[in-house]
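Going in written order, the chains are labelled A, B, C and D, and every chain counts its residues from 1.
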Amino acid sequence: MTLIHPDQPLTDASTPELLSSLLRDWHARAWVSGTGGGICGPTEDGNLFLAPTGVHKELVRPEDFFVVSPLDGHVVRQPATSGLRPSECNTIFGLIVRERGARSVAHSHALAAVLAADLADGADHLEIAGLEMLKGIRGLTNLDVHRVPVVDNTPREPELVAGLARALGDPRNAGAFAVLVRDHGAYIWGDDVWEAKRHVEVYHFLFEATVARHARRSKEGQR
Amino acid sequence: MTLIHPDQPLTDASTPELLSSLLRDWHARAWVSGTGGGICGPTEDGNLFLAPTGVHKELVRPEDFFVVSPLDGHVVRQPATSGLRPSECNTIFGLIVRERGARSVAHSHALAAVLAADLADGADHLEIAGLEMLKGIRGLTNLDVHRVPVVDNTPREPELVAGLARALGDPRNAGAFAVLVRDHGAYIWGDDVWEAKRHVEVYHFLFEATVARHARRSKEGQR
Amino acid sequence: MTLIHPDQPLTDASTPELLSSLLRDWHARAWVSGTGGGICGPTEDGNLFLAPTGVHKELVRPEDFFVVSPLDGHVVRQPATSGLRPSECNTIFGLIVRERGARSVAHSHALAAVLAADLADGADHLEIAGLEMLKGIRGLTNLDVHRVPVVDNTPREPELVAGLARALGDPRNAGAFAVLVRDHGAYIWGDDVWEAKRHVEVYHFLFEATVARHARRSKEGQR
Amino acid sequence: MTLIHPDQPLTDASTPELLSSLLRDWHARAWVSGTGGGICGPTEDGNLFLAPTGVHKELVRPEDFFVVSPLDGHVVRQPATSGLRPSECNTIFGLIVRERGARSVAHSHALAAVLAADLADGADHLEIAGLEMLKGIRGLTNLDVHRVPVVDNTPREPELVAGLARALGDPRNAGAFAVLVRDHGAYIWGDDVWEAKRHVEVYHFLFEATVARHARRSKEGQR
């Protein structure tokens, strides 16, 4: 998928290449599609590389990334490619970076995320338990009952900020590196791009496993 | 998937390359297979590049495309490759181009499209709602209830024209960029090849999500 | 997937390359895996290129194919690679070539084929109907009810010959280009490698669609 | 997937390349993800190439493998890449190598393995029957009822050793080349890397097929 290996320190040259290759891999898995989804990762001086909006994410090249400030989202550097606008995720990514000390955030439009949020019905969180893959989330053991906040969708992504801020501020969600957005998808983050990648893969597994197990229990009338 | 990026204007040289790469991607996803499915996109002078019929669509090369008129489907230019015939979608693609001002149309044989049409039972449309990905359809918000027309299949694709013309002429379908054909698949279009690609990915997501949600509700006896 | 296009006549040089590329594609789709599955295609002088047995099919190279006689399966030419034995499908492929005039036969171990055979319960065939993709089978329209014979599995593939011969000899199966083997998979063929490829893709779609529709009807209690 | 063919004897140069290519293929299939999963294979002098822990497994390069002793897991040779630690599977892989004479072991985190272990409920094994693909397991026919041991998960992988040792020591499990770990995945092995690869593909098929058939029977109320 990528020629960049985790033992190579990520630089302002290699980070956009890695972000670009992750978008290609996620598009192949249908976690981002139809120009939906997004990603950001850190510059060496503490800003964020941010993918553009409204473009097919698997075609985003290293030179297409904006540099934005996580403090207020202002554009620090335009991409080499003209005619692009920064991702609508800008505000939400900045919020997560500030509130959680994250340095890389992904936005997934995967069907498994939508179906996992459905399982919460009207509740403000989904509990995930009984899976070894929980250990792939920083700080968790496979014995934990992991609480993933679920927030309501809103007409525009910047308006999601209030709901996300509430979820991130709730101390019961302190262990979560993801927020599910009902009918929409998930925001998933990590301390660096490699941890964000790991969390993205782990949470998608957790969502799929929880949905599949729920379906089996429903079929067998054990609810 | 392709070396063509959305910031490069599509020309008569690059459009067939893009159409060819989309067919390869869609074959990998089983949206076109067994020589089924098809695609067209605009020439610079207002005609259509049209894939040939009866060939494995993922193997269609740029030099295999016909140029046809959207007005009456007549062949303006034969492909460099001999022995090919224009796609049976010719008449339907032309209809959609004329009726909707579309400039690129795809024909999907995806299982998800067949199963989504099944959900309509005998009705003439399927309603899709409660999904952020609706915003991937031009003009829609995630609050819309999106009406996708469903028409009956016919023995030959040119005969579908009457059903499709009726669906396209129904003002209640004015917001749709897709028509589902029962037992068959879907026609999906856009203002240019990039929008058609986006709509293809978005509608397949919407079909899969609607089918998966319906299955869950059936299992839980909430119908 | 392959650099060979349908407009190039297949030769003794290109046929094994095409067969090899099909095995790679089918392994990626999990239609052949775990060394299971197989393929044959015609030599220019009326014999068959046959993949070796007991090897990972996606790694079979052009130089690994045997040439065997469809009349009695005897090896006409050993592959350049030493230490290989011809596929256990040899006898069955020869039977299908002789009985049906096929020139290329594939053997699938796809889960969808196993689940489709399950739907027949104890019966000797499965009926497939109501799908446009039926038109991808030579001679069929989308209005046909297509009868696919289902035979019982046996401990070894050569012993399947009797069951397959009975199925192929039954005039009610005259329109079938596939035989399902219970608990096992399917044999699928065509007049040449391109038709075999088309039939392989179409039958897998038909199996998946029939299984998915049956599951929906079961859930809704409409059986 | 790999340029290494089964007719080439595996050496200390080619074995890590093959192991690396298998991890890439399995990541594409979501059998290893989120840095989970693992693999080992034999050195020419009877030790084991072992993947590192905590890294994205599809990015493990040939130079990233440790050489460890299967007797006690001690590191015989560090990888060329600095900063790596040997996989947590070390103890378990060594146990399987010693108890079963295996020379290559894989650790899968596939959802199908988790769902297959679920089917065992509290029992210590899962029975798999009625599938031709059983013949892909060394020593089995398609008529066998194959017993796959299922052990409980533990907080850390080295602690799994006791449960696995018990399962491997149970004579009723003598025919198994896999152990399912509840909520976790599976360990799957073979006499060499090629057999381990075959067993990995075959067991994943068996798990998927058994889960799919169970779901169908549940839906139809035949339990």
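Methods note: a contact is a pair of C-beta atoms (placed from the backbone, for glycine too) under 8 Å apart; a residue touches a chain by one contact, two chains touch by 3 or more.
For clarity, every value in this text was computed on a predicted model and none was experimentally measured.
When the partners of chain C are compared with those of chain D, no chain appears in both lists. Homomeric contact chain A/chain D is classed as different-residue, with under half of its interface positions used by both copies.
Separation between the centroids of chain B and chain D, computed from CA atoms only, is 42 Å. Per-chain CA centroids place chain B at a distance of 30 Å from chain C.
Multi-chain contact residues of chain A (touching two or more other chains): 215, 219.
Taken pairwise by the contact criterion, the protein chains form one closed cycle in which every chain touches exactly two others. Here the chains touching each other pair up as A-B, A-D, B-C, C-D. Residues 1-2, 5-7, 130-133, 136, 141-143, 194, 197-199, 201-202, 204-205, 208-209, 212-213, 215-216, 219-220 of chain C are the ones that touch chain B when the two sit in their complex. Those residues of chain C lying in contact with chain D across their complex are 24, 30, 33-36, 55-56, 58-59, 61, 81-84, 109, 111, 114-115, 118, 153, 155, 181, 183-185, 215, 218-219, 223.
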